[in-house]
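Could you have a look at this structure, given as structure tokens, before my questions?
In order of appearance the chains are A, B, C and D, and numbering begins at 1 in each one.
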Amino acid sequence: MTSETGRIEAFSDGIFSIAATLLVLELKPPAASLPFWQGIAAQWPGYASFLLSFLFIGIMWISHHRLFSHIRRSDDALLGSNLLLLLGVVWIPYPTSLMAQAVGTPRFRDAAIFYNGSYLALALLFNLLLFTCVWRGLVDRDYSGVGNIVRQYVAGPALYLLCLAITWWNVPLSLAINGAIALSFLLSPDATPKCRANEGKSAR
Amino acid sequence: MTSETGRIEAFSDGIFSIAATLLVLELKPPAASLPFWQGIAAQWPGYASFLLSFLFIGIMWISHHRLFSHIRRSDDALLGSNLLLLLGVVWIPYPTSLMAQAVGTPRFRDAAIFYNGSYLALALLFNLLLFTCVWRGLVDRDYSGVGNIVRQYVAGPALYLLCLAITWWNVPLSLAINGAIALSFLLSPDATPKCRANEGKSAR
Amino acid sequence: MTSETGRIEAFSDGIFSIAATLLVLELKPPAASLPFWQGIAAQWPGYASFLLSFLFIGIMWISHHRLFSHIRRSDDALLGSNLLLLLGVVWIPYPTSLMAQAVGTPRFRDAAIFYNGSYLALALLFNLLLFTCVWRGLVDRDYSGVGNIVRQYVAGPALYLLCLAITWWNVPLSLAINGAIALSFLLSPDATPKCRANEGKSAR
Amino acid sequence: MTSETGRIEAFSDGIFSIAATLLVLELKPPAASLPFWQGIAAQWPGYASFLLSFLFIGIMWISHHRLFSHIRRSDDALLGSNLLLLLGVVWIPYPTSLMAQAVGTPRFRDAAIFYNGSYLALALLFNLLLFTCVWRGLVDRDYSGVGNIVRQYVAGPALYLLCLAITWWNVPLSLAINGAIALSFLLSPDATPKCRANEGKSAR
């Protein structure tokens, strides 16, 4: 194996891609009693739920990919904390589907609390993984960008906690903030276009 | 990792293979009230839907594989546009299953519009991915065949738009054209038997 | 990428592993009206169907793995014939589940014909893949064992045709023969314990 | 391929990750007749079942990963015994879901016997795989830690047999012991933090 972490990444990729794909099974054909396009339109919470889940899981995969491109060794603590993170990834479709069903019902706030709370838990699991890597010295020592990753990760739980607090005040705003946080993680922590820019430089 | 795009391909392979396999879950046993072979025959729209979805997703995987064999670096824009393409891939089983249910009903035209429209969107997402690669300079500079890939990709949205327009005039013809477009993508853009012909030449 | 066929194998591995796993979703809890162990026992056709599907798909994966360990290049014809084979692999859970439901009903013979016929089709698709590789010259030229693989593969359709013919005479015997054919494919065509024995020798 | 066992690991990773993810499909939305949080709370056996299955399968994957990091060659016997182990992995979600449904019913003891018995079978399959590797000489000869792995694996069936026997006496205690055994397998057999400690030493 060229990389000691290769098989951990392969297992993680499998989990991420299955979790991202499963929600398409929840998309049901529109009710036969409605005209076709009206039936399609009535299903929008299901489509929105599918879209959100897919993008969130995709963005989490990108974060995971970026972090692992700097991990050089694996140990038992990494295996354990990565497993807990993957548990969180697989969990996400469930609160998303609960929220899709609660749109337009009196349960909307409760479902959004459950949903935003799940993201807070996931942000904490990402931090657990990162600090395991730093604490055990598994990260590439040459890599000067670890500080950038740490800053981006540490901000996560704080932002999702704020998002959770806003849910009691304004549910749609809290969901919009949740989406905005995810999009902010799409940007590389190095704030450069290349995702492995630093490594590229040191190799030249 | 031997290739900088290796893990992007692994994640994409997972998504493609799950999306290709999921529709077998939609195949239901024939009704117990019919004689066995008559029940099997009555399920033909389900079988056709499974066959089409599988082949389309397989052909899209081949296109994706061909494109990535010429991508040498990855960056944030590639990660993002690849994620959008994968979203389109995972979506395809849904319009396919809607169309399978609409065969022989007054909803056939509407379902075909939804189906052909989804393919048009997917062709646009493939172009977004290709132009991201060209614009960011991620493609192998030695590769003379980029022009061939660009020509094949650019033709996609035009052909699917034509196909969508024909749906209002003749639904079965539009579906036949849709299938023919997919088969045309099975042929290598280089019109040579080897899928990585250029690399093969340079290695000799 | 170290091997030109690496990503074809990754996509195929994804399809094989999902197809092998999906049937566990068909296992239903035993009826609550029966005592626990009696309910478990009454589900035996479901368990047998799950076991058979898993082992058949696993053995097909082993055959695929053995063949690909001797393929050195890929081309469009290989991509196409591999895709058709994967279509057959994903199809297998469906006739298996039909047969599980037909146990002990008058439909048992018809379901077994459908089942054995599906295996005949799959054996033909395996031959299509092998002859594509030989015809296009994609197989390792140093490998003296190609003749052994060809002999094993060519026997497949003949044996499954016999198996299909026996179904009209004796259904349980035909199913036993079907299982025996699969187990015979578990043995390496080289009739040596090491699956890549030949390559091992040439490397020394 | 850099490693002769690379594709066996890829297929196994696919099976492990799908089996780990499938149970999220069993999580149903809480009953609409209950207040939201009360409905969530009433689903605890489903959540516990999902959590247990995921962690057990994850820990089995870690064990499999550790064993394969010391396997240098593959042969027919390895392919066959690995396939039997994967069959056991895919089976686990079924007894777990039966037990989740039996919580608080008179079937609890019977379901726990079925569940603990399945783990005993799986521990035996892990031993079959290990002894196949040792017997056929497939394990890294330099690796001094084989004795540690053998000790950990041999203890498995004995512990799960004890666990099964306790089920007749005290069901919750047997389940707690089952969980404790799994956690003990999370620790590396070398009792060192690095999972590939030996290889690390020889590389220095």
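Throughout what follows, contacts are C-beta pairs under 8 Å (C-beta built on N, C-alpha and C of every residue); 3 or more make two chains touch, one makes a residue touch a chain.
Treat the numbers as computed from the prediction; the structure is a model and nothing was measured.
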| item | value |
| --- | --- |
| Label of the chain whose CA centroid is most distant from the centroid of chain D | B |
| Copy pair chain C, chain D: interface residue numbering same or different (half cut) | different |
| Chain A and chain C, separation of their C-alpha mean positions in angstrom | 37 |
| Averaged-CA centre spacing for the pair chain B and chain A, given as whole angstrom | 26 |
| Chain D: positions in contact with at least two other chains | 2, 10, 14, 18, 25 |
| Complex contacts: residues of chain B adjacent to chain C | 2-3, 6, 9-10, 13-14, 16-18, 20-21, 24-25, 27, 29-30, 36-37, 40, 51, 54-55, 58-59, 61-62, 65, 68-69, 186-188, 193-196, 200 |
| Chain B-facing residues of chain C, complex | 1-2, 4, 7-8, 10-11, 14-15, 18-19, 22, 25, 73-77, 79-80, 83, 86-87, 90-91, 93-94, 97-98, 101-102, 107, 110-111, 114, 136 |
